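Shared between the two complexes below is subunit A, which has subunit B as its partner in the first and subunit C in the second.
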Partner chain A sequence: MNNQALLFRRNKEAVLAFGILLLILVLFALNQNDFFTRYGPQSIFNQVITLSIASLAQTLTVLTKGIDLSIGSMIGLTNSIAATYMEPISQKAGSQAAGILLTVIIVLAAGCLAGFINGAIIVYGRLQPIIVTLATASVYGGIALYIRPTPGGMVPYQYTEILTGRIFDILPASAVVLAVFIFLVWFPLRRSSLGQSLYAIGGNEYSAFVSGINIDRTKLWAYTLSGLFSACAGLLLTAQTASGDPLGSSLFTLNSIAAVVLGGTSLAGGKGGYMGAVAGASILSLVLGLLIFWGVPSFYQNAVQGVILLLALSVGLLPKIKIKSLQRTG
Partner chain B sequence: MLRKKYGFIWLKWIAAVLLLIGVLAGCANDKTSSTPKEEAKEKKGGYKVALSNSFTGNSWRSQMVKIFEAYAQKQKEAGKISEFFSSSSGNDPQAQINEIRNMISKGYDAIVVNAASPTALAPVLNEAVDRGIVVVAFDNTVDSNKVYNVNTDQVEFGRLQAEWLVEQMGGKGNILLIKGVEGIQIDKDRDKGHREVLAKYPDIKILQEGFGNYDDATTSVVINNMLSAHKSKGIDGILTQGGGENAIVEALKQNKIDPASIPLTGEMLNGLFKHMKESNVKAFATGQPPYLSASALDVALKVLDGEKVDKKTIIPLPTADNNDVDKWYAPGQPDNFYVDWTNPENSFGLKIEDILK
Partner chain C sequence: MNTEMVKKNPLHSKITVSVFHKYGVLKIYVTMVSIYIISGIIQPQYFAVDHVMQLLVIASFLGIAAIGQTLVVLSGGLDLSIAYTLNLGAVIMTQVSIEHGGVAAFAAVLAAGIFIGAFNGIGISYLNISPIIMTLAMSSILKSITYVYSNGNPKGASPDWLRFLGTGSILGIKTAVIIWIILSAAVVVLLVKTTFGRKLYSVGTNTSVSYLSGIQNKRLIIMVYILSSLFSVVAGMMLVGFYGLSHLGMGDSLLLPTIAAVVIGGTSILGGKGGYAGTAAGAIIIYLLMSILTVLDINDAGKQIIYGLVILFVLFLYGRGKAVRL
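After this line comes the complex of A and B, so read on.
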């Protein structure tokens, strides 16, 4: 089987999401007045980037038939750490670049640790992911509040500029970040034995176990990586807001689940992938923009998001319903 | 084989669209980016303005949005504005950032903002200013020197309340002090104003103080405890930042004290004016006026017209006491209706019906 066919087969659940995204982009082209300038793509990619990365974190846990309800809190925690310590560390380190780099490393380590704790409790405590991550979400939210009791803090201007600006004045930096996560993180991960194991566990844990896959280690990895990518989302949020907010990111948890599901990944595990989640995250982030272009009152904005999610889910269910009714009549 | 063909088709489509975006973005010049500012300078009027609000779900916010819309409609009829829009993103900074990004793309000449965060919105608002859009923040203002900020002085809020009460009491007597929410800036500012004035009157004694959280439920507990502890000593005044006026009047009645006998301070809420009207309560009210949205729009229009405006505008606080009750009381409206729906001189030319519909 050649590469394109493989790529398609692995992402066929996402076709619907990409269809909707394409429609939204066409509508953006018609309605976003600066779509065809260098500002248009920058605006679009800046809107989708944070949720897109957060949904990578969610994708990994959902693939193993788990879920991570602490993603929003981990983003808030890492966002608070970055906004609180980047300036002091830069001053101590003597140079802005070194300070930024050091803070990024600390934040990523904190994310890994938070994710690892989730994974360890789930795997070794033999507890349900939904309960564990709900509990740790409160814990991480509490730590974030301890670090940064009120929204505020600051990060160097350059940091914001690097991650939300344009490269060579044309290419949106957010587009590059997204490309890195798709091509240099997701594709290699999907191909690796870890990636295969994630799918195998989600598909059928017992078969995976019988086939010699180390279930505990794979799950531990899934949650640790979820923490790491949440930290990446936290760093991007820090760049977008140039400050920290311990509780302002709680919506990322539910939005990331919605994005993953909208992208065709099954909550029952083992099916789907990140490409769909990117489309799902983009749809959720951009559809509100259309309503703003059209001057639709904001009461309808949440409702429209919900309706899109429901529609996408029901279209995904259609084949199954058909099969069921065939079985009944036949 | 069939699958392979499909795979090619949809991948090609996505690739084509992405390429198209890239190419068009790459070769497009930034004509649109520089024109709005120049146009705005030339055309004087017919501006497009937008309100980006964050939190909704209390009466202050919904009144504030309605006042903006009503005033913008007036300006539209006058030909000053060609188009207006208001949107509320909820208390989520990322959502409001996206909302503002799209307002920038839509090409509004001015964006008026009640910010979800004083810092988080600064980068995107600075970007808007860099692209020639006039940005005016109000109520929850923004830490940026590129943005115009419109607000009231909350220390003055406290000062006005305390000055009135001291005058009513003749400069001496016992008072109860009910503050707002512990730790927030507005509470600290208003409290500072209270104490500045009280410091000048050593004959006024604070019997007890507490936090009422600006709501009736919390205030009710606080005031009942205070009354049972200090009723016998004689209470000559109640100094509260506001929000719990109903609870205070009720508590006084329950403790067999005539509410008309003790002067009290509060906010510009309909409930307080109802008590002034019906129970002859002697009270003084001031407040964060919901018409700040209209004031912010005024500032935006001035800047668009090329007038020189300070980066920071302080709007005078509206005040009223029991002598003005008929001017402000809105019979038939709920207790949490803010009676200061337009400024005292009504420079916006609004009618109450405009706000209620």
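After this line comes the complex of A and C, so read on.
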């Protein structure tokens, strides 16, 4: 079998996700009047970027056969920190640019710390990720609520402009951010020994252990990076909403899982990748825009997302069922 | 338990032991009583019988919903659709009862529960969709159905008999608590004394071994999710009886606590170990804790933080796994 055919077989679900995404984009082109102007791509990428980055966080933990239910809370926490402290820090620092930079560094450090705490409890406490991150989600959500008891706050106009505007008036900034995460973060990570270890642990933890992979350290990295990328998503969300909402980000947790699974990454670990998750996140975000174009009442949004998820998974599973029934009879 | 019996009937003895001794149900009840005594020291009114009854009533709704979660977790799955199954059940209850009467509403709610559970179960067992994803997608769909069906504003009210079940009392004991006790007893018997219960533990422990032992895993899984949905809609109906009406988002605050109650109750999130006796105590512990935090005048932020820390603390006490070793 040649390389390309193998690549296709391995990524069948991701290919399906990109197919659905293409269909949605065609529908967008038909419905959105300014689709082919410079505003079209800008609005599309702004809609998909936050969930796409949150899905990278989820992908890393799911690959190790874990899960991170605290992503929404970490996004809410970092969003609250950024929206609350960016202005005061800018004033103290004396310059807008220095203030923004300093806040970004603080936020990313907070995300790393939150993720590291998740990882340390899971690894050294030898506890199940699903329940640990459920508990820490409550803790991080509480801290966010402490920092910002009510939604609000503000960020400098320039900050919003940098992350949601256009570069040289043509290239959407969100597209650049997404490209950076795909080509400068995901691909190098995938090829690094850490990336290989993530897949190995998800495939079979015992075999990975016997092969000399440091399981504790790999998992610690997975959750720490998950926290870091959640903080990135929090920063992007702050730029888009220009305010902070401590609890408004809880949907990101479940949507990131849905995006990852829609993109063909198995919750059983060791299989899949980030590219599919980007497609999954884009589908889940853009389908809402499509429903608005068509004037569908917002009540139906959740059902459409749920049905797409189930249909995509069922189609992906059909060949497997066939094989199984053959095995049983034969 | 004598050793001879253990040899003769390993499965039987293992389950009996697991329910009553091995997984520390006693430890959970000691924790519960200690927290109760602490709450009483902080706020002496909490020793009053009235307060205990009120606490049990509040805990009963979570407790009933957590029965389903316990069964699902024991089978090695997770049910994230509990909140909206409960909400849809509650909305059907009030909306159908104004037009067709309480009995028809009751039947419609149970039918909805069975249908939702069967759908979950079939997706998980026959389409091999992971339980988290299946119930997550189901939850999204149910949320839409609930909003569309109620048009964003649920109508109707609780029938009188349900109002009695939710708020009345018999011989000084609140009916909601009595119903919780009856359902708890039924599910403990189901888990410990019936073949269904033993098969459930077996599937949760090891799916392939259970399949090779002649257990029809798929049928069992479907049954488990149907039961889970049924307990969710029953909890929804009890809440309708308690509040007198239904509203949107009724179950939102109950989903994560059902999982927390199961875990605090000593049931392994990996399946196959634990039981309902612990979960019931877990549900009470959650509300005891909330009432202490309320008395101490801790704000929502603090409550959330402490709630998360307590779950972590409990996990450290008895949720630890084995290290990977050669």
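By our rule, the second predicted complex is superposed on the first by the 317 of 330 C-alpha atoms of A that agree within 3 Å, B and C clash if a C-alpha of one lies under 4 Å from a C-alpha of the other, contacts with A are read in each partner's own complex, and residues count from 1 in each chain.
Here is the rule we use: a contact is a pair of C-beta atoms (placed from the backbone, for glycine too) under 8 Å apart; a residue touches a chain by one contact, two chains touch by 3 or more.
Quantities reported herein were computed from a predicted structural model and do not represent experimental measurements.
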item	value
Subunit B versus subunit C as contact partner of A:T224, first or second or both or neither	neither
Which superposed partner A:A303 touches (first subunit B, second subunit C, both, neither)	second
Touching partner for A:A135 - first (subunit B), second (subunit C), both, neither	second
Partner chain(s) touched by A:T160 [first = subunit B, second = subunit C, both, neither]	first
Partner chain(s) touched by A:N118 [first = subunit B, second = subunit C, both, neither]	neither
Which superposed partner A:L127 touches (first subunit B, second subunit C, both, neither)	second
Which superposed partner A:L288 touches (first subunit B, second subunit C, both, neither)	first
Touching partner for A:A268 - first (subunit B), second (subunit C), both, neither	second
Touching both subunit C and subunit B, counted on subunit A across the two superposed complexes	297, 301-302
Contact footprint of subunit B on subunit A as seen in their complex	1-2, 4-5, 7-9, 15, 18, 22, 25, 32-41, 43, 46-47, 50, 151-154, 160, 164, 170, 237, 240-243, 245, 248-249, 251-252, 285, 288-289, 292-293, 295, 297-298, 301-302
In the complex, subunit A residues that touch subunit C	67, 121, 125-128, 130-132, 134-139, 141-143, 145-146, 149, 205-206, 209-210, 215, 254, 257-258, 261, 267-268, 297, 299-307, 309-310, 313-314, 317, 320-321
Contacting residues of subunit B [partner subunit A, same complex]	3-4, 6-8, 10-11, 13-14, 17, 21-22, 24-26, 28-33, 53, 56, 85-95, 97-99, 101-107, 116-124, 131
Parts of subunit C lying in touch with subunit A, wherever the complex brings them together	78, 80, 123, 126-130, 132-134, 136-141, 143-145, 147-148, 152, 256, 259-260, 263, 269-270, 299-309, 311-312, 315-316, 319-324, 326
